[in-house]
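This structure is in structure tokens; I'll ask about it shortly.
All chains are identified by letter, namely A, B, C and D, in their written order; residue positions are counted from 1 within each chain.
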Amino acid sequence: MGLQAYLTLAAIVFCIGLFGVMTRRNTIGILLGIELMLNSVNINLVAFGRYSGDVTGMVFTVFTICITVAEAAVGLAIVILLFRVRRTVTADHLDLLRG
Amino acid sequence: MAGDGTLALAALLLHAVAFLVLAVAAPLRRLGRPAGYVSILCAAGSLAAAVLSWRAHAGEAISRLVWTWLPTEGQTLATVGVLADADSTLMLTLVALVALLVQVYSLGYLSDESAPALGRYYAYQSLFAFSMMGLVLAPNFVQLFICWELVGLCSYLLIGFWYQRPAAARAALKAFWITKAGDVGFLIGIVLLWRHTGTFDLAEMRVLAGNGAIPLAGLAVITFCIYLGAVGKSAQFPLHIWLPDAMEGPTPVSALIHAATMVTAGVYLLHRTDWLFALTPDVLAIVVWIGAFTALLSAVLACVQTDIKRVLAYSTVSQLSYMMAAIGAGFSAAGFFHLLTHGIFKALLFLGAGAVIHAAHSNDLTDMGRLARRMPQTAIVFTVGALSLAGLPLFAGFLSKEEILGAVRAGGFTAPFAMLILVAFLTAFYMFRVVFLAFFAEPVALHAGAPVAAGVGAHASHVADAGHHASHAAAGVAAHEPHEPPASMLLPLWVLALLSVAIGVYFTFVHPEPEFTSPAWLMPVAVGSAVAGILLAWATYQRRAIDAASLAAAFGPIYRSALARFWIDDVFERAYLLAILGFSRVIGWIDRYLVDGVLNMLSAWTVTAADDLRTMQSGRAQDYVYGIAVGLLVLLLWVQFG
Amino acid sequence: MTFETLTLLLPELALFALAVVVLLGGAIRRGVAMGWVTLVGLVVAFALTFTVREGASLLDGAFVQDSLALFAKRLFVASAALSLLGSLTLRTGAFARRSAEYHFALVASLLGMAVLASARELILLFVGFELMSIPLFLMTGFLKRDAVAPEAALKFFLVGTASSAVIVYGMSFVYGVAGSTMLSEIPPAVRDGPPLLMLGMALLLAGLGFKIAAFPFHMWAPDTYEAASMPFVAWLSVAPKAAGFVVIIRLYLAGVGTAALIWTPAIAVLAGMTMVAGNLMAIPQQNIKRLLAYSGIAHIGYMLVGLAALSSSGVAMLLFYLIAYTFGNMGAFLVVQAVAQSEQSDRIEAYRGLAQRSPLLALAMLLFLLSLGGIPFVAGFWAKLYVFWAAVERGMYGLVFLGAVLAVVALYYYLLVARRMYIEAPERPEPVHVPRLLGVAIGTCVIGVVGMGLYPAPWVTLAQRVAATLFS
Amino acid sequence: MNRLPLLSIMTWAPFASALIIMFFARRRPLLVRWTSVVGTGISLVASIWVYWTYDRAAAGFQFQEAFPLVPSLGISYLMAIDGISALMALLTAIIIFAGVFASWTTKERSQEFYALLLVLVTGVFGVFVTLDLFIFFLFYEIAVLPMYLLIGIWGSSGDIRPQGIFGWAMGRTGVGTKEYAAMKLTLYLLFGSAFILVGMLALFVATGSRTFSFLELQTMQFEPALQTWVFLAFYVGFGILAGIWPLHTWSPDGHASAPTAVSMLHAGVLMKLGAYGVVRMGMGLLPDAAVDWAWLVGTIGCINIVYGALSAMAQTDLKYVIAYSSVSHMGIVMVGAATLTPTGLNGSVFQMFAHGIMTGLFFAIVGLVYEKAHSREIFKMGGFGAMMPGIATAFTIGALSSLGLPATAGFVAEFLTFLGAWTSDYPWWLFPAVIGAFLTSVYVLRVAGQIFWGPKAPDPHFQHLPDAQGPEWAALGILVFVLVLFGVLPSIAIAPVDTATGQLLLRLTGQ
């Protein structure tokens, strides 16, 4: 029952990522957490594709990876921008907008 | 043509015309005296018409004019019109007469009112005369009730004529509310009766009653309700308390409304519908007992008043109760007869009292004395009135009062009969107490400690009419002497005096055979008690052979409680303050703080909840992710177990 | 790829071309020129949507141009054009220097939505989502010198990508169970509802909940709205949500039949919570943008009520609601922009005595608010009415009653704004300056709101027609 | 049957003048006022004309105007009146005509004020004369919405110090301020209108025939279950507007805060609109339910009568007294309607009219007094009778009418209602009704005595107050005249109403 194992692994990675996103104080850390979440997806897709024996999963994975990169780029850009304006990358300090 | 009631209608409408003219033509009204002339003119015409129609309807002639007033379901629900017969036209004449005389009298009495006020006064007077006549001629209960309320309104307006004076304003409200309380019963009675008999019309109803078509079940309740209306209007216990306070109004008003006409409306009502009440004897019994009791109560109260008008007021109450007793005993004719004679001589007494007040600038007996020298004519006519009220032969009250006594006895009400005899004695006593104190005795002010001085001393109304007559005193007539009133006031006095003598003489010799037989001893007893009363008064207040103080002391408790008016007024005061106002406060509080408060509570809660809820929007990106995570978790759990 | 196929893709191609033109053109011409180009391009694209043959599908069913897709695309483009009219009046600072970037991002995102509307294949869906979202992140932070815009952008980005991760994670399961990325393969799989698939669908629902800003996935919305530039927010508050709804409809309703009903409770609960949260949290707001943001969330709740009916009429009413909401909400935001430009404030106080300063603007705002509040004679009335009607047909009386009560609550805070405008006295007498283009945009919205209010019939029939095709 | 579309003229004339005011009368107050006078005058003439030319023999709905608006939904512009609505239209016309004069001295933003007022009136007329449920609802909303601005902008705030339990809530919601009152009134009435809408749509759906026309719906038999809850929906929806207990609390605050003409119109006409809705829609369309629920309507009505009277007695603010008296009198309307007897229903309708005029008069006077003495505190004022005899007299006549004194319209209404109550299935209603009349006499005369017919108040401000003048006389004169005229000759009102109520009851009870 290999599939189960992969799925479980993916689930664990996803949860770790989510945990990171929710707990990291540093914005970069949060970005990394998101990366983890997305990569868990890749594990899923590849596993599914492998076991159902068609390539769509792999194709999907390729797309995911590309898009992840794009997101990372945008995210880092925003972080840098923010650091310029506010001189901080600590998520907790970013609460001017609230209520 | 005279027989068809148009004359009665004319008598009625003339006053309406006067009222409308005065009400609409404001400039005329503001002129004052001319307004008075207008309404007097109409009153005179109305009197003529009334007399004619009375002559026309003497005997059995009955004429009826009605017009549809309220349609429902395509048919007529209620009508208005006139029902002219012997009784109604006779009453009509009395009203017309007294109204005319009073209006003339007022010209002199209110001579120093401001012009607009005088105009207002005459407008009210005309309205009253109109409504009273409408009441008298009413062919059905609806019109009866309408006019019934209207006269109540006029009484309210006229009592409060000097509304700038707190006492007057309060008295007006008191009168309106107390009578209105009675009218609630009356109205209910009418509604019930309508369902019971299917009509408002007196004539139709009488026919039904005649051939026993009115179911007796529940009729007693209805008649009692109607009687309640009479209780209010004709000042029967316990609703009699408004009448004495009503003396805050100008004296002519008291003469017209609170002596001769309006207050007798209740009696008239019962007389008009005696065939209905005859079906419910137990209600009639109540009428007798209450009548007798009220008569006695108010007679006692009259003895301790020092305000001349209040004495008369209480005496009015007690005389009205006389009539009620007679009607209750089943002989309403006797009551009606007394109503007429009483109307004449009580008006006379009030107008006389007015003249006295006019002269002495005070209502208080203690300010009077030996006025006979200064104003002999007034003294004479007043005494005539007093004698009539006492019921001595040759005077108006004589036969009517005796008939009532006979009637009550014939009705088999022994105890009430005894009470009424006692009342006859008391009546003579308090009336002549007034006569002696005011006209013949030395001013009692010299005799310190006389009980009269210890009357309801502190009562606000003591300055009643003096209030506005003070203008005289202020006008530098400091060394001012009481004097005869002007002709405009004397004339009505004499007319009424002569009338009461004429009636008295006529009926002393011409006995109409009553529907009942009264024993031979009745007349002597009645007259004797009256004479005894007069003698006692004479001995006490003229000769001062008997010390009034000790006399009062002899009746200690009664005397003291009489001074407190047996606390009846206080009870009503409390009821008004606590029961009505207090309860209203409670309801008002409930409305504001519970009914509305709950609503406000809800909205306030919503706003607060909103405030708390938005704190969820902490501003930290990670909390937002928490939000997503939680939502996700819930969804997953639902998928798993839902 | 025949020529015939290309004609089917004309709108998308036009948008793509437009994007390229704007990007390159930006290098040549600075200033608002590119804005005009974009506007023209959008008009063209809008026109082109009418050339497409309805119901066509290519890439063996992965990409369809059915009536729903076309309906959605027209909505996207039209709303984009409206917001463009607003942004064209911003000729200072960033909007002058970097207008090309802005408009490129706009068109790119629009292209994403267009793809999304037509996609019936998971990968395409995902790509569409990202193509739509990433430019939105950029545009949120467009005013990069501004103190709060980057913060808003970051929040939007973090939460957005997280939710994308959730979506795609869900997609992976769906793919795994259905054995294909074609949406057409899902219904047969759903019938026997395997747990993994349900899991995937649930994850998807959560992610989509973020896109449409439904409680509790809504939290990014107020902050983003507050910080970003008005015309953009006006568009952001409408188009992406519409896209999200289109996807939801495709995933959960289209062709699934009665099996879809298993989602009713979830969506109903979502709707209820969203209505409550949105309406309540809007009450204490002092910033008009935040107020509109929360009220917008509440409206998503009402649309979800229509969706919860999971019936043809329900979807129809949802689509109708989308149109009404587009006009009303965008109009309101555009008025806010006008006031903000002249008052330099988006607090509600800025509206004191607006009725006496510039009556027409105030009247327009009042109309929009009334429409959002669901008062007769303006579009919102019909929208709420129809949505409730659809829910009643499914017997969801409780939800309808809740909605009705909350509608009164909503009216409360809308009237608070009306009170500022009409009851209170102005601080300054001179009227608010409204740029002509902005005036045109606002006027359009007014016409839309009032027109739909007075004569909703054609729009209703349109919505019904679109919905009907999904359930045939 | 008639070539001139009188009903449309009556309805839209105010609207037209509102437009004129909005666009052509900028900053010309006098023009504004005269335009309103003309507009409402036209309505008045039209309504009187309709009223007199209404064919009583033929009865039924007359002066029909109909053309389809949205055929697909069966919505059509259908206007017609019967005896009841004719009287109501007359009432509306009289009140607004007087109201225009009564608010002659409005200072700030008078242009918008009159415009909104006239729009409001258009709505009211529309509600009374239209027979298409949907149009009815739209007019209804027109009649409710402007109220928010009218009260919010031109209203006046009273001072109610929050105390007692829920005190903080009152403080938080700002009880007593005009904004609070406006908001409360608007939200309350819109909440009610939601019920009405739901009920109407339910009927619309229930009739496969797809029509909103009252005339067609009238002929249908809805199944009992539907009738029951639709009737209740109507009762709550319209009842809120009619001020039924315990949903009445918007009315005192609202009426107290509203400017003169608005309180005149609202208490005088709009509350009647609620009662009219219950009678026309509730009884007219749902006969069985109306019979089943009569006990509820009547009993709540009785509560209204006594409760309203007592609450009125407890007030110290003149406007609140009048407002609560409205609550009490609407109770009589409700009881009369619930009796389901010809007399009772006639009384109910007549009471709508009588109370409309009476309250209009009251609020006009309160407005005048407030304008001259700048006070609404009953127990601070006193002895105004000498200074403003005209106003005092008018107030007294109004007071007498409200306590049901004969020769005023109030008596006839109450008397008929009493008769109806005693002949209905619930005779005991008679007693609360009569007691209510007595209580009314207590509080209303107490007020009259305190303010007008009593000793002068010490306060120096109250020493020299002018009487009504100019246009204000017109307002008072008209209302007093009508009040007395219909009291002395009630048949001119009852006769046409009778034709309508008869038919209504025929469907209801089959008698």
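The definition used in the following text is that contacts are C-beta pairs under 8 Å (C-beta built on N, C-alpha and C of every residue); 3 or more make two chains touch, one makes a residue touch a chain.
Just so you know, these numbers come straight off a predicted model, no measurement behind them.
Comparing each chain's Cα centroid with the centroid of every protein Cα atom identifies chain D as the most central.
Between the chain pairs C-D and B-D, more C-beta pairs are in contact across B-D. Between the CA-based centres of subunit C and subunit D the separation comes to 44 Å, rounded to the whole angstrom. For the pair subunit B and subunit D, the distance between mean C-alpha positions equals 37 Å. Averaging Cα coordinates per chain places subunit B and subunit C 80 Å apart. Once the centre of each chain is set as its mean CA position, subunit A and subunit D turn out to be 66 Å apart. Residue positions of subunit C touching 2 or more other chains, listed in rising order: 154-155, 158, 162, 166, 222-223, 284-285. In subunit A, 18, 21, 30, 91, 94, 96-99 are the positions where the chain touches two or more neighbouring chains simultaneously.
Shared contact sites, meaning residues of subunit B that touch two or more other chains, fall at 607, 614, 617, 619, 621-622, 625. The full set of touching chain pairs reads A-B, A-C, B-C, B-D, C-D.
Interface of subunit C with subunit D (complex): residues 356, 375-377, 385, 389, 404-405, 407-408, 411-412, 415, 418-419, 422-423, 457. Partner subunit B is touched in their complex by these residues of subunit A: 18, 21-23, 30, 91-92, 94-99.
Those residues of subunit B whose C-beta lies close enough to touch subunit C in the complex are 606-607, 609-611, 613-614, 616-617, 619, 621-625, 627-628, 630-632, 635-636, 638-640, 642.
Chain contact summary for the complex, subunit D toward subunit B: residues 160, 164-170, 172-173, 175, 184, 245-246, 249, 253, 307, 310-311, 313-315, 342-343, 346, 383, 385-386, 389, 400, 403, 405-407, 411-412, 415-416, 418-419, 422-423, 430-431, 434-435, 437-439, 441-443, 445-446, 449, 453-456, 490-491, 494-495, 498, 502. Against subunit A, in their complex, subunit B makes its touches with residues 614-615, 617-622, 625-626, 629.
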